[in-house]
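Next, two complexes with subunit A in common: one pairs it with subunit B, the other with subunit C.
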Partner chain A sequence: MIAQFVKSREALLLAAIALLLALIASRFPSFVSPGNLVAVFNDTSTLILLALGQMVVILTRCIDLSVAANLALTGMVVAMLNTVAPGVPIVAILLIALTLGAVMGAINGLLVWKLEIPPIVVTLGTMTIYRGIIFLISGGEWINAHEMSDAFKQFPRAVVLGLPMLSWCAIFAVAAFVVLVNRTALGRAFFAVGGNPRAAVYTGIDVGRTQFFAFTLSGTLAGLTGYLWVSRFAVAYVDIAGGFELTVVAACVIGGISIAGGVGSVAGAVLGALFLGVINNALPVVNISPFWQLAISGAAIIVAVALNAQSSRTKGRVILKTAEQTA
Partner chain B sequence: MFVSPDVSGATDAAASEPILSLSGITKTFPGVRALSDVSLELYPGQVTALVGENGAGKSTIVKVLTGIYRPDEGTISVDGQETRFPTARAASDAGITAIHQETVLFDELTVAENIFLGHAPRGRRGLIDWATMRRQASEILDRVGAEIDPSVLLKDLGIANKHLVAISRALSIDARVVIMDEPTASLSQKEIEELYELVEKLKADGKAILFISHKFDEIFRIADRYTVFRDGQHVGAGLMADITEDDLVRLMVGRSVDAIFPERSANPGDEILKVDGYCHPTEFDDISFDLRRGEILGFYGLVGAGRSEVMQALFGITRPSAGTVHVDGAPVEIHSTAAAVEAGIVYVPEDRGKQGAIIGLPIFQNVTLPSLSRTSRNGFIRLAEEFELTRKYTERLDLRAAALDQDVGNLSGGNQQKVVIAKWLATEPKIIILDEPTKGIDIGSKAAVHAFTAELAAQGLAVIMVSSEIPEVLGMSDRVIVMREGRMAAELSGDQMTPETLVRHAAGISEGRS
Partner chain C sequence: MSTATHHHVPDRLNGPLHRTVRSWESLLLAVAVAIFVMNSFASPYFLDAWNLSDATFNFTEKAMIAFAMALLITSGEIDLSVASIIALSSTAMGAAAEAGLGMPGIVAVGLVTGLACGAFNGALVAGLGLPSIVVTIGTMSLFRGISYIVLGDQAYTSYPPSFAVFGQGYVGWVITVEMVLFVLFAVIFGVVLHKTNFGRAVLAIGNNATGALFSGIRVRRVKFILFLLTGVMAAVASVCLTSRLGSTRPSIAFGWELEVVTMVVLGGVNILGGSGSIPGVVIAAFVMGLVTFGLGLLNVPGIVMSIFIGLLLIGVIALPRIWFQLQIMRGK
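This part shows the complex of A and B:
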């Protein structure tokens, strides 16, 4: 069990993060102080939430490019609601955000399932549509901190047991996904559909339906993140989280979620997100320009994919042999 | 670049010497010996028919000839000169070309581009000389008698014209050996006649033709010579004029069947499955049969006869257009795979890699995939119960694996097959359909699958076994249904079950029909 873990992708990534922290700590010891690590984790929480949803979508051989637009639209809707009706309780706001996100995810899922449109095309389209709707409902106006109620802004910041609620949201989501992915039939179906769609059909699994659920989950988390994002930064406008969908996909890829589907783990997605989170928080401290930040993230993606390709190569050979044999 | 007309003058003199000869060719895959010390000779201006059952090694020899497989042993000689084909390009440079069952052409390119892809005529700066290419293409098309505009896209042509383009391509690379692998499989009668004319033209041009076909009438019509393979071995060759249909059938199948199959006391119980008037718009027509508890029903036929398609409809993968299914006397509507499993019908597909095992998931997760509702409590999977269920069925099948959480991809073909069978047995079915259960697996695993199949039947499970291996069908089945071109050609039992009758019905040989 331990030997298996040491060889795993997750262990490698954990070691990489530890090495990164050690390197930074050698020059800036305060970076690894407990308080700062909590801040880094809290800052990465939104990425973790989105990466979890993206993970199950990628497991089923799909991709969801609309998560950031979904986040921005949900964030705008709840922010506008808050300005109009400041009395609406946070629980209701959370439910609205989750539902709205789920609906937008389900739209993606339905288009992929029922119309069999390639996922990249569907979510590229809905990404633009969702952004466009934000402009329509807000008229391009910003909603600023002073227009939001205090309760609305306080929720992600409220500290419980030493951690802000934003971090707790991410932790709860991770726990729920560990159970969902490892202990439910739906979780098993994600792997089966991505690992071998034809075999999944022969086993009685509906491939399109499984993909629909993956998109709905991804959308639900994007909706939740939409409220958390807007309330945390206390601002909502058309372009928030612009391009963030690519960071989310990058976190998954770095975390060893195979873009070809069927391979990945919750731990991988979380560690991939944390890796990017540490880099993004550390580079300004080490005084490296944001341009290098992008280059380093990009290099990390390529290294991760190259490592994954290496580790799956032996497996590929076995498959080819059997294929040739039966040919 | 293509053959000049005066070549035909030289062919008669050279007819006694083969253009291409293979000798002592052996090719093994892990656990399977696909070809064992086979020889094959192809003569200029003559059609050699390659005959054999499914799995006799015909496709493998074509791949050796075209440089896709390298033989483990043996020699290939062209014009008496020993040579080797390390790549497909080398074989093509030596003048060998194959026209496959599914022609390998490019739909989105023009006819001329398809003909000259890879050896297009070049202009002065190394760029493609389109005018010359189109002119040469229409010259070649004229020679094969095809009225095709070389500048249309391939996808706009019918299947017969695509064949003509493939043949034109063969001519454009100055092919001397043309391999035709079941060229008439998807052609209409009129198109087949045109193909025969073309074969005659190629013969007159001095090409050596290897013609692979299951249809005896066409073999006797156009072939000059025959070569018979059986189980990867060369069992006979000669002139068509010297052999009768009966002798050729005997060469193909001739061997004793009783040897290795488990003893079974045929003692079928009540009727459990009744299929009546099953039809499909394109794949099969009017299929009716019944099946009893404890019975093994064999389905024999050539590749493409529609056997797997019937089974896929029974399992809810495709929808039949008409017909009824009764299980245990009650009508069932099979609108999905889940409904089939619910009705107690399970299907172990032919192509493990694509349809069976999910490579990447561990053994136990593969086995429990359709049974998750039984290993779960309140919607949560219980690992201990998964392992217990997996252990129960993999032990019955004698699965050889280091651990049940091992990746299925690391198992041998035979053991992967056992995982797939265990998966379905775990759903406690009434009827199990095994599609080519021993294809591509080693002898030891084959015997284990046979013994286990017999045991399942003895325990009262009804078994349908689709197989292209005559000894397996005859050795295992209580009754055999032979399919041909989507229809039931015969239902055989008892003394009628002989290799010869099976081949006759499957190939549609008219005389001796029972």
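This part shows the complex of A and C:
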């Protein structure tokens, strides 16, 4: 089992992150101080949350390009609600964010399930629609920090047991997904549907329904992240998290989740997100212009996908050993 | 026995006229005409030759990429890096202009950059057999990332006046140079997809890549060529866009990849590969251009127009399927 782990994608990624941290620490020791590592994890929490949802979607051979738009719309709705009714408790805000996100995810899921429209087309469409709706409801206005109530802004910052609530949200989500993916029938169904949809049907799994649940989960997490994002940065406007959907997909790919479906793990998604998070946080520290960030994450994606393909490539069996040698 | 064999066995289930009327292109054309008519009633400024000419800028550049993308998607691949190729190619042209190259030199630098980007994508997808959607999400960050490294928050603006011909030139009256290029490339790509062996190979690969390989089609080479074509067309669009704007920033054409894919899918190209037509993409380009322009005249902001585009994208695919499912439920 240990030998298996050492060869796994997760171990490789963990080693890469450790190496990265060691390299940075050799020049800038303060980067690996516990306080800063907590800050890096906290900064990456939103990406981890979204990567978890994207992971189950990709496992079922789908893709969800609408997560960032879902996040932005949910964030705007709860922010507007907060300006209108500052007294609404945070628990209610969280429930509203989760529900709204789930509904938007379910719309994607229903279109994929009931109408069998390819997921990339569905989420490309809903991505622009959800973004457009933000403009319709907000009129293009920004909601700034002074318009939000203190309780609304404080929730992700509140420190419990040494970690901010934002980090705890990510940790709870990771724990829940470990159980869901590894210990439930639905979790097995995600793998079955992605690994071989036809075989999944013969074992009694409804492929479309499983994909619907994956999209709903992804949407739910996007909704939660929407509130956390808006309250953390204390601003809501049309373009927040623009283009973030592709960063989320990138985190999954770097984490070894196969875009062809059926292959991946929660640990992979988390490590993929952390890898990008460490790079993004390290660049300013090591004095590399932040303009390098985009190119570096692009290169990381290409290397990761090449490695994925290398590990999944099945070697042809040699049937005639002598012929092989003489050839 | 012989008397009973006089059944007329049709070689096609529906007549050619019937098929034309029921085709995707006709549906789309009806949508385009409806939008055109609605627009002319909605705004008095719509039916003006100069305004309509200006409106074509909304789609000509994107459509040029969409033609190549249509072939690529038909073959079962996709390229999400096209907008980033525009950015990188534009950056290269800006640097070339800064270095004092003339108009032909700048254009050559732009086209070669696009070709190189296409070759890079093609080598990773066709050469190493990696999934194109992930590869091009990666190169999308990489290519634009290089533009950001080169330019940062700066911009290239020192283009020679003769370079303006592509984006700002007119051939005569209201006919823009871009419109001419659009028509030219529509014809070229239409002929390539529908009238050549290469086009048949693209369709065959999209339907069944293994089957195509066993029928003697060099699948990897065809795919590589398609990525090259897409790279070059992105560079052509970059030349037009850079010339029209007269400046290069790393954020140029941000988000265009999804608009181009939308245009292709709206044009009836199967996102899973295997079928598609260039006339469909041409009409889809007009539909998207007309929606944008018409709503713009009515002072509808761009982001709201994107709702219409999104609804259109899902609607045109969903409605025939809902209709089909209703017919099944009725027991037909």
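By our rule, the second predicted complex is superposed on the first by the 314 of 327 C-alpha atoms of A that agree within 3 Å, B and C clash if a C-alpha of one lies under 4 Å from a C-alpha of the other, contacts with A are read in each partner's own complex, and residues count from 1 in each chain.
Following the convention adopted for this analysis, a contact is a pair of C-beta atoms (placed from the backbone, for glycine too) under 8 Å apart; a residue touches a chain by one contact, two chains touch by 3 or more.
Please read all numbers here as calculations on a predicted model, not as lab measurements.
When the two structures are aligned on the shared chain, A:124 is found in touch with subunit C, with no touch to subunit B.
Within the superposed three-chain model, A:86 lies out of touch with both subunit B and subunit C [touch as defined at top]. By the touch criterion stated above, A:179 is placed in contact with subunit B alone, subunit C being left untouched.
The partner of subunit A that touches more of its residues, comparing subunit B with subunit C, is C.
In the superposition on chain A, A:196 makes contact with subunit B only, while subunit C stays out of contact range. Of the two partner chains placed by the overlay, neither subunit B nor subunit C lies in contact with A:284. When the shared chain is aligned, subunit B comes close enough to touch A:188, but subunit C does not.
Subunit A meets subunit B in the complex at residues 179, 182-185, 188, 191-192, 195-196, 198-206, 262-263, 315, 318-319, 321-327.
Subunit A meets subunit C in the complex at residues 63, 65, 111, 115-118, 120-122, 124-129, 131-133, 135-136, 140, 238, 243, 246, 249-250, 253, 259-260, 289, 291-302, 305-306, 309.
Across the interface of their complex, subunit A is touched by residues 80, 124, 128-131, 133-135, 137-146, 148-149, 151-152, 250, 254-255, 258, 261-262, 265, 271-272, 301, 303-304, 306-307, 309-311, 313-314, 317-318, 321-322, 325 of subunit C. For subunit B in complex with subunit A, the residues that touch the partner chain are 29-32, 59, 315, 317, 336-338, 340-341, 347, 349, 351-361, 365, 369-370, 372-373, 376, 379-381, 407, 409-410, 413, 416, 423, 439-440.
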